[in-house]
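Sharing a structure with you now.
As written, the chain order gives the labels A, B and C, with residue 1 at the start of each chain.
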């Protein structure tokens, strides 16, 4: 198995606060890895640094052995890292279909002139794109809502649409930021099945932030536990569950 | 000569500052540039002018009348337009478009109501000058400078020392959290519009006295807007510094180069400063948290 | 066709081209510009100088005017599009004013504040119509392609747009250059229609008018921009007595639209026959329902 993502000695400060403190991660292709830890542990900051929204103060991020630390967010996305956001960020006034189409724009090779003249190439590629997008929507179960406005969808559907949009990018690595946030038990069970299906179908590697332990247990091969930017435990969920530091981080120190 | 120009520059810059601080105040709370602010100043000037021509009121009365009129118009804008737009949950961009519409409305409304002509205040002061060493300052400029200083000092104390100012700063730092804490944020929005409007009103009266009163005089606020951008959007002290820089720069360019080049230099400087410091001199860089 | 009618069509057409540029920039990309009158001015003076002093064929001069405006837009945009929101806006405003002041200052080239006269009257209705059709089709195909999708993505959610691989900087620059080219194009036609130019024609008020027209027509809709331009240009022609109230009414209209129809603005609805058909059907159904309810009540 080859490593798809490797993070070495990553540091990020915000005005003196260590948001990430020498973070390490090696993620093998085809795995699902969980980042867990209390609020403010620096999980989303790691996502934002991997996707290029933040520049790290030091440390390296390698995606398929290529350094991506100085790349712009759109370049990192084009290389094959898709993501969702903790507070959903859809193109809210656009249709469900449009949301997915935008993420597939990279498949398109026609240029402005060919589009202006509406040459066969334009038509063919647009048709293929639409077909691909509709297939994807069918997989996530939103095909009947393709023309609905994204912000008119119920919350659970919006989460699914965001995942579909990230997948439309043809990523190799998918970063999910709290996909089960705000879902009840039943919905999270469904989500676990959904993520598994997506992962197999599109040959994805997944790095996810999640608070619902049943979701983490159902999906993650390995987890990293963070607290105040520091890694306090690594391993399978069962391994870290009994770790003293982890228990303290979640429940507070024993008196 | 240089000192003389410097004093003139400070005098002009002071008036810009009265308007620029209004931009900064409103931006710090609502995150948009209130393009209708110059028209508020214009309205204040017309109010004062009307009072003076009708009743022969002295300067102070006219000033107070103009300030009150402008303050009320500013609140009126907030209540009738901006508040409703916010309540719809529309993006802040819509506030700016509305402000543009309001500005156009008032400018053309004034054109119809008062006519397009330039109107002068009847002379209220002796046209004598005060001699300070090699510098001579007109009485009008002295009064203008004093009014500006008093207004800005009061504003600074109000914001940084009073309980009301603490409330304004709280709402500015995060209006949503403030509303969750039980603060009536709409009251503070109205208050800030009143404050900004009153400052603009005083600027309008002073400008009217110094030059003349006309429907498009609000366009002067463009300079004030530039000043507030230069100082950093939302920073009141930044706006004052920016306004003084622009005032001094303008008089210097007019004095030593050519008045035709005045605006070119101002805008050129603005673009250069923004390229070097993208959030102005005293602005805060806001990172979009994903 | 009467000369008067032709004159009106030419005026609407020229304004429409400039407005379409603003529509792409503001309606589709959520970038504001208060400098598009400056680009118009550049296009107008370029075309005027080329046709008047160098006898360059009109078509070539139009292309040169539009291209030069686009080039300046490219330079300005590359420098300033990285700035956030209002900071970017103020640089466009500064640019527009700089162009005006500069053109007033360089008298040997532009004739200065006194104006530039004796421009040959080349602009006729056919050139304007062809220009409008070309401009509209280009704008339409641009917005209905991956380019347009990228622009709307930037408008809706810039961070998410980057996260799905949209090069936001490049796309914003493209929208800015297109709007500059359109403004330059409109300016070029305007110069040889008016036969007289002065820098203050292209002032801040002109830039605002372009944005106001776009808003009245509806953001994110090219057909809306077309209707908006017709309304804004024609109303004062039809109601001559209203012409002094013109800008007052537009100002009020903008405020009312923003207050009353906040979501309607971003309807992204293009005007189409099928949609109108549907609308009438719905209306008919509603009337029918009301009638039935009435029957029951009886």
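In this text, contacts are C-beta pairs under 8 Å (C-beta built on N, C-alpha and C of every residue); 3 or more make two chains touch, one makes a residue touch a chain.
Computed from a prediction, not measured in an experiment: that's the story for all the values here.
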Innermost chain, where centres are averages of C-alpha coordinates: C
Distance-maximising chain from chain B - centres being C-alpha averages: A
Whole-Å gap separating chain A and chain B, where each centre is the average of the chain's CA atoms: 47
Chain B and chain C: spacing of chain centres that average the CA atoms, whole Å: 30
Chain centre separation (chain A, chain C; CA means) in Å: 39
For chain A, residues contacting two or more additional chains: 51, 53, 85, 89
Chain B residues counted as touching two or more neighbouring chains: 288, 290
Residue numbers of chain C (touch at least two other chains): 159
Touching residues on chain C, where the partner in the complex is chain A: 137-138, 141-142, 145-147, 149-150, 152-153, 156-157, 159-168, 266, 268
Complex interface listing, chain C residues touching chain B: 30, 32, 79-80, 82-84, 86-87, 89-91, 93-95, 97-98, 101-102, 104-105, 158-159, 204, 208, 211-212, 215, 244-248, 250-255, 258-259, 262-263, 265
Footprint of chain C on chain B - complex, ascending: 27, 32-33, 81, 84-85, 88-90, 93-94, 96-98, 100-109, 111-112, 219, 222, 225-226, 229, 233, 260-261, 263-264, 267-268, 270-271, 274-275, 278-280, 286, 288, 290
In the complex, chain A residues that touch chain C: 51, 53, 72-74, 77-78, 82-83, 85, 89-94, 98, 101-103, 105-106, 108, 110, 112, 115-116, 118, 122, 126, 165-166, 168-169
